[in-house]
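Structure in structure tokens, see below.
Chain nomenclature is as follows: A, B, C, D and E, assigned in order of appearance, with residue numbering initiated at 1 for each chain independently.
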Amino acid sequence: GSQPQQRTLTVLAAASLTESFDELGKRFTAEHPDVHVQFDYQGSSTLAEQIKQGRRADVFVSADPKNMDKVVTAGGVTGKPETLATNVLTIAVPPGNPAGIKSFRDLAAPGRTVVVCAPQVPCGSATREVEKSSGVQLHPASEENDVKSVLRKVTAGEADAGLVYVTDAKSAGQKAQAVDFPEAQQAVNAYPIATLKDAPEPQLAAEFEAFVRGPAGREVLSQHGFGTP
Amino acid sequence: MPRVLWAPAALALAVVVLPVSGLFTRVDPARLPTLLLSPAALDALRLSVYTGLVSTALCLVLGVPLALVLARTRVRGLRVIRAVVLLPLVLPPVVGGLALLYLLGRTGPVGGLLDVAGIRVPYTTAAVVLSQTFVAMPFLVVGLEGALRTAGGRYEQVAATLGAGPWLAFRRVTVPLLLPALGSSLVLTFARALGEFGATITFAGSLQGTTRTLPLAIYTAAESDVDAAVAMSLLLVVVALVVIVVARPRAVEGQL
Amino acid sequence: MSGLRAEVEFRRPEFTLRAELAVAPGEVLAVLGPNGAGKSTLLSVLAGLLAPERGRIELDDGVVLDTDRGVGVPTHRRGVGLLAQSAMLFPNLTARENVAFGPRAAGVRRAAARAAADRWLSEVDAAGLADRRPGQLSGGQAQRVALARALAAEPRLLLLDEPLAALDVDAAPAMRGLLHKVLRQQGKPTVLVTHDVLDAVVLADRLVVLLDGSVVEQGPTRDVLARPREAFTARVAGLNLLPGTAREDGIAFGDIVVSGRVAEPVDGAEPAAAVFAPTAVAVHREPPRGSPRNAIPVRLAALEPRGDVVRVRGVVRGCSLAADVTPAAVADLGLVPDEEVWFVVKAAEVAIHPVSGGSSGA
Amino acid sequence: MPRVLWAPAALALAVVVLPVSGLFTRVDPARLPTLLLSPAALDALRLSVYTGLVSTALCLVLGVPLALVLARTRVRGLRVIRAVVLLPLVLPPVVGGLALLYLLGRTGPVGGLLDVAGIRVPYTTAAVVLSQTFVAMPFLVVGLEGALRTAGGRYEQVAATLGAGPWLAFRRVTVPLLLPALGSSLVLTFARALGEFGATITFAGSLQGTTRTLPLAIYTAAESDVDAAVAMSLLLVVVALVVIVVARPRAVEGQL
Amino acid sequence: MSGLRAEVEFRRPEFTLRAELAVAPGEVLAVLGPNGAGKSTLLSVLAGLLAPERGRIELDDGVVLDTDRGVGVPTHRRGVGLLAQSAMLFPNLTARENVAFGPRAAGVRRAAARAAADRWLSEVDAAGLADRRPGQLSGGQAQRVALARALAAEPRLLLLDEPLAALDVDAAPAMRGLLHKVLRQQGKPTVLVTHDVLDAVVLADRLVVLLDGSVVEQGPTRDVLARPREAFTARVAGLNLLPGTAREDGIAFGDIVVSGRVAEPVDGAEPAAAVFAPTAVAVHREPPRGSPRNAIPVRLAALEPRGDVVRVRGVVRGCSLAADVTPAAVADLGLVPDEEVWFVVKAAEVAIHPVSGGSSGA
């Protein structure tokens, strides 16, 4: 639409938020017809680096506190980041669970092809924590750079199991099943949100932040499998 | 041509054709129109073709002279320059994007100056073009330089004896003789620009209509819907094929 | 002086070209010499395609090269036209476009350049080939178009490297005639490399003979060919040259004495040469008895029919002599290579010339 | 060469050199040894060089015959084949990786057969090589084909009149005449293989020592430590430069 | 019959080659014809580099081409050696390696092939060039190496396209002698394209004249050159040919009557030609009076010195005639192109030949 006085809000969000934020964006625009919300979904660390290099945007949502901290340290945000949502690991298996995986321990059994995230990325560090606390040592076939790559291996039938976030397993729909496991609670991942210091639209940014942290946000996020604080 | 060579040639073709054809059998034809005609896909297509053409043109205008310098002059340290030109080839594109960001970002030496002048390059369509130019340039330079080395020199001399200055000889003799190589180099350059992902997403970000080219859109789509990503790849492939099949015959297959 | 004046020294491993020459406007200088003597190299240096180690070239009162002063006008501003040994037509242009290239480079408008090209193409009898690409031309056709291209550029200095070698019996004389006309008309200096003494005689005013990179003879064409001082020149001229030391009425070549007409006074014991035409030589199996003739014992090296005669080559002490005899005579005598026969020549047909230094020889 | 062309040539060089040099000024020299000599970096380096060389060799063995077929034969549909060969150029590498996965994965038509035979390609070093071969093949084929078109044909005929069969003519005439183009094509191919990321991570995964090549390691490192990533890029660049500067002069700069 | 037997038809837009020829082992067939006549094309077809539309080629009792039966032996298995108009040396190999290429292809071991190459190189007097690359050779040197390369391959059929065109006065006769020796010794059929009638006379047993793609004359060299039926052939042969209709003791050419010796009986009013040597022609400013001579009024077209004579070309009714006179005579008469003069020739020097059909003419 080309209303006069169209305003644009730019949101930089972790890639795992793609579906839920797309929907939230639509709802927000419905409430503010003069606002166009632009999303850029990328890995949190890339976004953090871009903000440090002077990227101008209004809102940043990181998939982990670490990358948010980088931006905070660089003086990139106004106010204090708040936790927007949480996410926990689950075991994604191909439909029908051909390898018959029922627990985290099953993943360590020989002959199973298991794919996880690399320790450098948030889902990988969560995996490490679960391994440590449960004492189960995994022998993954691959340590992927992002959680979607893990999921892709599972949906393609190339892995017997993959450790992904609950939200990712959910987004796969029919192509994957989730096997939840209790040890996952040892590594709950938090998604901090903050308004950026150089925000061209600080007012709108605050409104958007309030909106996603409010009831609408909570509803959509939990629909997609996120936990809410 | 030795007959034996048909076997490896067929195998080479298979290496390319089998995976690609397998891929496209997976696309659900019923969903195809919806996937391809979505505003996101069309915006991405438009942006990709536009930036791809602009950056190919940039590579042409800047790269041809560089190839000439490399092939025709005897400056000290030419070998080092030649190696440097190849760097974007081996640099992972993401690192290339970081490099551009460090140079032209607000805190970068050049970006800082531009910022004062009120010009901001990162996260604009110009940044997409720059990323693509950066990664695609070596394709043009290397391809042309080889061709320039094998042919041309003697004909340029003939042109000089007919009174043609360097510029005329270049336009009327060197360029036409170079056309086949230029054609294939341009195809490679354009293809590389069209497929560019890592440097673009790092340096230009990924905003629909401004910086989200087809590969970026495919990547974004792949996060949620692999089928959509594959369908969009199909779009990219078709665009590339059209460009190649339509543009190439004259430049490349035309007998010289 | 306007015209060309050059003094150059160009070095390659195992080969050095040293030449000094002057060509007046409208004058044609022919360069003769065996394969690899440096003829093409000389043209390349004059054209500026090769940079000599040392040298100075003046063209129409301007210095286009002076290594001492660091002057080096690039090829395209020298105004030289070079027809190289291979046609080197631009493969992407038609014959007409090839010929129009020079005029276009000189700033002539497209239509005028085309017209000029067509004119030159019909001059070389290649009008019908105007729209062909070089790949569609026969060897001789390509050479004609290349000649037209070189002429159409109307250079200040014309350098021609064997322009007629690929042409047929009809085309070669016609082209020779064309060159003759064009070269005089245009009043430009021309350097013409050729293997064919005919070209030199017809087209050239003066002659330079190159041997192994050095000028060994130079002068008006007729003079050089009439009194060759080098065996090579003599062979080119189609004359026999037998070097030796002067005697009263001839020369001594080892124990062989050859008498003849002394053209210039020669001091006894000075180096001198006997020069005579192959047509004047008769071939005998036995030395002729009782008649005032020169008889030279030779070993037969080769028999080469030449039109209506056979050129018989004989070698005496490493020196090659030729005799032109009728095929009937060859058949009668049953001549076969490696036989020992006598070359007989009347003294009236032999000219005795003084030779400078030891430069001429077997 | 016209003088005017120096300006764009210099600009072309700047487009490449400035970002890269800026990148390296950001690396902390003190940390460099630690970063580069870490087992992760060394493993990745070893794997990258190994797979890069193997896949370049594969491209050579398969791609040269294909280029010959494209340049020297007159089969129907050659133009389509030529366009198809270019597909990996434009396909986003991730999609290429997916294609390979669908073909050679457990559930794929070929992979299923292999699985029965107990052979598994994904997650192995072979998968890395295949990914690299897939994306790098067009670089060799396109580069060579252009060169084959301009030169060679007439000399091959001369060889035939001397009694040389196609194979001998190919080995002794075509290949030597092709060396300059082959050299530059091989450099491009190797560079592309060395920098390959998307297809590899999709098809082969990322496991230190087995499938995590330098670009993958750089990517992984970039998630947590950009400096480490840049340092490793430096390593990659140095390797590539060494290969190019050492290997190229003979093949490419040697006068033919 | 062993040897070569070929009947081919090759079409290009605007050009069709139709030729039928047979060459016995040890025999040399010379192919003459103007530029663009199809000589190189013929050799390419024989070598298998061009595929004719229709044709049959037999070599040593084997069929190497038969378009009717779909037989087409590829070049490399035909055993033909082709020396093309341009040397086309492999640029990446040294001269020696170039020459050794053929023997190597034939399976000769490296050392033996090298030895053979060195032998052939010294045969063509290029032993000193063995280690050079083609780029470092002069034009004539390259052509010699190419000749050595073609000969070293020891083909069953040798095809030579102007093998001596680039050679100097020393090299050309030597090479001609070498070819003469080699071609006879090896007992292989040879097809030799040349512009030089000398090559044809020295080297060839038989002669084919191509005009515009068609064979217009064919036969033993001497016969064809002695009784040329085509103006081109006559010019090649260095003879004048004036076509007309037979009369009692000569021919009528329009209102000009030329009398001569009737070599073969000719019926009145049949087409016939008067053939005479340029040396037999004198040039006069006025028609000679009261003596039994032929006097033909001509317009001077060109003057071309040839060694010690000048060839004067005159045109009468579109027919070109030549007269060889001394330079002194040219000077005395003050001959200039476009003048009207008389060509005078004694009847005893004119031979009258019948001519088939209307194929010969002005």
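The working rule: contacts are C-beta pairs under 8 Å (C-beta built on N, C-alpha and C of every residue); 3 or more make two chains touch, one makes a residue touch a chain.
A quick map from chain label to UniProt name: B, D = Molybdenum transport system permease; C, E = Sulfate/molybdate ABC transporter ATP-binding protein.
Just so it is clear, the model here is predicted, and its values are computed rather than measured.
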### Query
What is the minimum number of touch steps required to go from chain B to chain E?
2
### Query
Tell me, which chains sit next to both chain A and chain D?
B
### Message
Taking each chain's centre as the mean of its CA atoms, which one is most distant from chain C?
### Response
A
### Among all chain pairs, the one with the most C-beta contacts
B-D
### Message
For chain A versus chain C, what separation do you get between their C-alpha means, in angstrom?
### Response
87
### Message
Averaging over Cα atoms per chain, report the distance between chain C and chain E in Å.
### Response
23
### Query
Hey, how far is the Cα centre of chain B from the one of chain D, in Å?
15
### Query
Rounded to the nearest whole Å, what is the centre-to-centre distance of chain C and chain D, using the mean of the C-alpha atoms as each centre?
56
## Note on the structure
Residue numbers in chain D touching two or more further chains are 98, 102, 165-166, 219, 222, 226, 256
### Summary
Two or more other chains are touched by the chain A residues 46, 49, 152
### Task
Give every touching pair of chains, nothing left out.
A-B, A-D, B-C, B-D, C-E, D-E
### Residues of chain A that touch chain D when the two form their complex
43, 45-46, 49, 66, 113, 115, 118, 120-121, 140-145, 149, 152-153, 156-158
### Task
Under the touch definition given earlier, write down the residues of chain A that touch chain B in their complex.
10, 15-16, 18-19, 38, 40-42, 46, 49-50, 53-56, 148, 152, 155, 171
### Message
For a test of understanding, state which residues of chain E touch chain C in their complex under the given definition.
### Response
33-37, 39-41, 85-86, 137-141, 144, 161-162, 165-174, 176-177, 195, 197-198, 201-202, 232, 235-236, 238, 277, 301-302, 304-308, 311, 313
#### Entry: Residue ranges of chain D touching chain A (in the complex, touch as defined)
98, 101-102, 105-107, 122-123, 201-202, 204-208, 211-212, 216, 219-226
### Summary
Counting only contacts in the complex, chain D reaches chain B at residues 1-9, 11-13, 15-20, 22-23, 26, 61-66, 68-69, 72-73, 79-96, 98-100, 102-104, 108-110, 130, 133-134, 137-139, 141-143, 145-147, 149-151, 165-167, 170, 180-181, 183-185, 187-188, 191-192, 194-195, 197-198, 214-215, 218-219, 222, 226, 229-230, 233, 236-237, 239-241, 244-245, 248-249, 252-253, 256
